[in-house]
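See the structures that follow.
You will see two complexes here that share chain A, one where it goes with chain B and one where it goes with chain C.
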Partner chain A sequence: MAEKRKEFWRWKEYNWHDESMNPKDADLITAGVDVGSVSSQTVIMADGQLYAYSNMRTGSDSPDSARKAMSWALEGTPLTMGDLAYTVGTGYGRVNVPFANRAITEIACHARGGNMMYGPSVRTILDMGGQDCKAILCDDRGKVTNFLMNDKCAAGTGRGMEVFADLLAVSIEEVGELSLDVEEEPPPVSSTCVVFAKSEATSLLREGWPKSKVLAAYCSAMAHRVYTLLERVGVQKEFAITGGIAKNIGVVKRLEKELGLNSLKSKYDTQIAGALGAALFAKALVEKERKQAAAQ
Partner chain B sequence: MKANYGYMDGSGEFFITIDTDSCIACGHHGCVSACPVGMFEIIVDDYDDEVAAIKGDHRKKVKYDCGPCKPVSDRPPLPCVTACTPGAISHSW
Partner chain C sequence: MFTQFFNWYEKRHDYAREWLAKTGGEVVGCFCSYAPEELIYAAGCLPVRMLGSHEPQDVTEPHIFGMFCPFCRDVLAQGLKGRYKYMKGIMISHSCLHLRQSYTSWENHVPVDFSYYLPFPAKVQTVHARPYLKGEFAQFKEALEKWRGKLIPDDSLREAVELYNENRRLMREIYALRHAPDPPLTGLEAMVMVASSFFVDKKDHNVELKRILPELKNRKLDRNTGARLMIVGSEDDDTAFIKMVESVGATIVADDHCTGSRYFWNSTEVNGDLLQSIANRYIDRPACPSKDWEERTRFPHILKMAKDAKVDGAIIIQQKFCDPHECDIPMLRKYLEENGIPCLFLEFDVTVPLGPFRIRVEAFLEMVGEEDLF
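Showing the complex of A and B:
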């Protein structure tokens, strides 16, 4: 009889809206849709305040993922698509958001979103996405001053971590905590290739290493991988991490140690940074259009 | 803005950096015609500025695409760097 296999990489999808707000009172409703390679988010803002968002896995069809993420963000709210004054699409699938008024790169959107999430003092943003990793320097208005992206291999990305969660049969949400449950930090596995790192990990398990130690070795490799990326752009204080890996305390702690810097913490969900930035861009673009129309 | 196009892998770091603040002031964009494999293009960026960028299909293979301009010995000045009068282009390798 075939055994039913649990998908340890599968993280929880969710939506949220602020029940204390009445968006119908707002003058301007804008939205940002971030269709990433692994996850899609929609953020809805009412007069520049975060009102609602959704976070779900991206399917094989980008337009469909964008529609689903939008529908889910609107679910339970009094809003419909018709209430949205402007929508900006961002992320890997940004050109495939059928209802977007404009597409803006995720680099600019993460800088803008990070500026709101962590405050104007943030200068370095590390976005650890599903299939790429971006090091972004920005000014006090959230405008990008320097960026570097590595999307050539899965090492240092969320997908790499999902592969390890599945290999070790540990829920992706528990990987970080478990990786810290070691008496001594083990040497990192390969930091340049997930396939090689997985082979190494399999050998280490055969040698009798506990799961926590193997995960520590991988989190350490991942932290070192993104550290080299950050080193190239030059880390400036204050420093913040966005994306799904920002929720993995095992990688965050090791990266902070390597950098000699603590990352800023935020009340916002780190996975919505791109969509939040897109919604902020949408607001700025509507205001610019209105200003131009009033001047004519 | 300094835009770094390229990648890092097990064999090294391969990035072409374009200082787009310098690009904005450039009227002729000599880089586009200077590159023998046509890696450069002029785009309108996220801040509505007209700047040079590396085309998407070249970004993950800059090491190989730039190869002919980078012989192991007697390397001549790079055509893109020479053509860029504002001095906005640099290579990491």
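Showing the complex of A and C:
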């Protein structure tokens, strides 16, 4: 009988809410739902303050993933869907969030969310997501002024890192740290194709490279790939990283070194940036509606 | 209102076959918008520009290197698949090597009675270009006469020039209506109107243009105009893309494409020698970047169009591997952005990935608008 295989890529799903807040006292509850290609997040805000969120894997059905992420964010809170004044859907499945009042792209949402997470001085946001990577320039309000996305290839994204975690049997959360455990930085592996990079890594393992060195070569390739994307859009200070890969210190350190620039740090979870921006837009939209109604 | 144009666009081959049966003439396929169509028309032939069909194909692999542009491969595929069996003549006015490869492969692998390579000058800005092009047009005229077995009388050529000028004038008049706050036609309709003019006898096309023009002036579309966009690039008749853009809160109100305004923008000003006047028209038309040296005349021309149409932004549509446009784009983008026109760059292939393009377009629209969310 085949041995049950451990899924090293599988990152932990979680939800959180602020126990110190009573959202029932709030005037306005808004939500953002980010259905990405790999992960889905829901953020719930009470009067513009972060109150609760969830982060889980996206399933094969976008509406279902949106519903699950929302119920999980609400779980354990006194809130129900009926309390939400406005919901904005974003991400790859943004038009498939059945209960959303409106859809806004994750590019706009990451800029807006990044503005809250890192403060108004942030000008360049790199969203390193599951299957794409976006270099976003924004102003002090978090409004996009320019952007560039990777195309035609998912190398340099979260899914690629998951493939490597599985190949090397290293838990995805430990990949970054382990990749830094090398005496000398090895040359990067192929930076244009996950599949080719994987076969390259297999032959490096056969040559006797330790896992840490192979991971260093992959993290370095990924950092270089997103570096070229950032260079094309033109990095402006301050610089911040959002999305799942922002949690991979092996990629972050190497990218900072290549850019010669440190990235801003935040108390918020980097994976909720898109949903946070969506919830902030939801607040702006409902306030706009209320103003229009009052004027009539 | 635009049904006839859509029918012609979608049933281009049926139209050509009917035209052949009706007139007894010949159809001549043209590979580039620099083809002097007036000469072909005056020889009793129907000049037809070959465009692609935007379907995935694998028939061109043995003939064209994979890093030649998708347009040149898609065009050749039409010939290799036998869709132009009724076409007896082909010609190319030289602009780029990619398209010349399509022409050469066509000549070698698709049977035709007449094929002609016209060495159009690359540097149209030199004073020598005008007499040179007149000479080349004269040789092309002779070749057509030899093939058809009869001379092209001056009167026929003059009539063809007038017919083409009328077509250009009418389409410019319709394009000007797009400057209105709520344009009476969509970018898709404008695109199909111009693209169909490549396939149809200008006599028929003019009748239809004259029919819609008065109605168009009073037409109110049941849609929000949204953001006003311009599209800029080489060949572009990707209707699926335009439909998508116009479904997410935007209207295309201007263009600089060789399947759009560059094809019909200027008229032939008959002044003295007729053949020289025709040559001058092609020298003076809004330039393709393969010919825009050393001065970049297209930049101020594009900016003026953008300002006249009050655009909120421009989408730069790049056929993958199109070298002349790739050469212009970094400077063009900088020039437009410095002049207040935000740009979105997209790289096109035979088929386009509508999902990934949609997010880029939507994010661009959010970038140029949506001020009230901040």
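Here are a few things to note about the model shown:
Simple rule for what comes next: the second predicted complex is superposed on the first by the 295 of 296 C-alpha atoms of A that agree within 3 Å, B and C clash if a C-alpha of one lies under 4 Å from a C-alpha of the other, contacts with A are read in each partner's own complex, and residues count from 1 in each chain.
Following the convention adopted for this analysis, contacts are C-beta pairs under 8 Å (C-beta built on N, C-alpha and C of every residue); 3 or more make two chains touch, one makes a residue touch a chain.
Worth saying up front: this structure is predicted, and the values here are computed from it rather than measured.
With chain A as the common reference, chain B cannot sit beside chain C without a clash. Touch criterion met: A:C193 reaches chain B, while chain C stays clear of it. Within the superposed three-chain model, A:A284 lies in touch with chain C and out of touch with chain B [touch as defined at top]. Of the two partner chains, chain B is the only one touched by A:L229; chain C is not. By the touch criterion stated above, A:S171 is placed in contact with neither chain B nor chain C.
Once the two complexes are laid over each other on the shared chain, residue contacts for A:F147 go to chain B and to chain C alike. In the superposed model, A:Q131 lies in contact with neither chain B nor chain C. When the two complexes are overlaid on their common chain A, residue A:N96 makes contact with neither chain B nor chain C. The single stretch of chain C with clashing C-alpha atoms against chain B, selected from 8-16, 224-232 or 278-286, is 224-232. Once the two complexes are overlaid on chain A, the chain A residues touched by chain B in the first and by chain C in the second are 104-105, 107-108, 143-147, 149, 151, 281.
Interface of chain C with chain A (complex): residues 347, 356, 359-360, 362-363, 366-367, 370-374. Contact residues of chain A toward chain C in the complex are 92, 104-108, 141-147, 149, 151, 281, 284-285, 288. Against chain A, the residues of chain B that register as touching in their complex are 1-4, 7-10, 13, 15, 46-47, 60, 92. Note for the complex: chain A touches chain B at residues 104-105, 107-108, 143-153, 192-193, 228-229, 232-233, 281.
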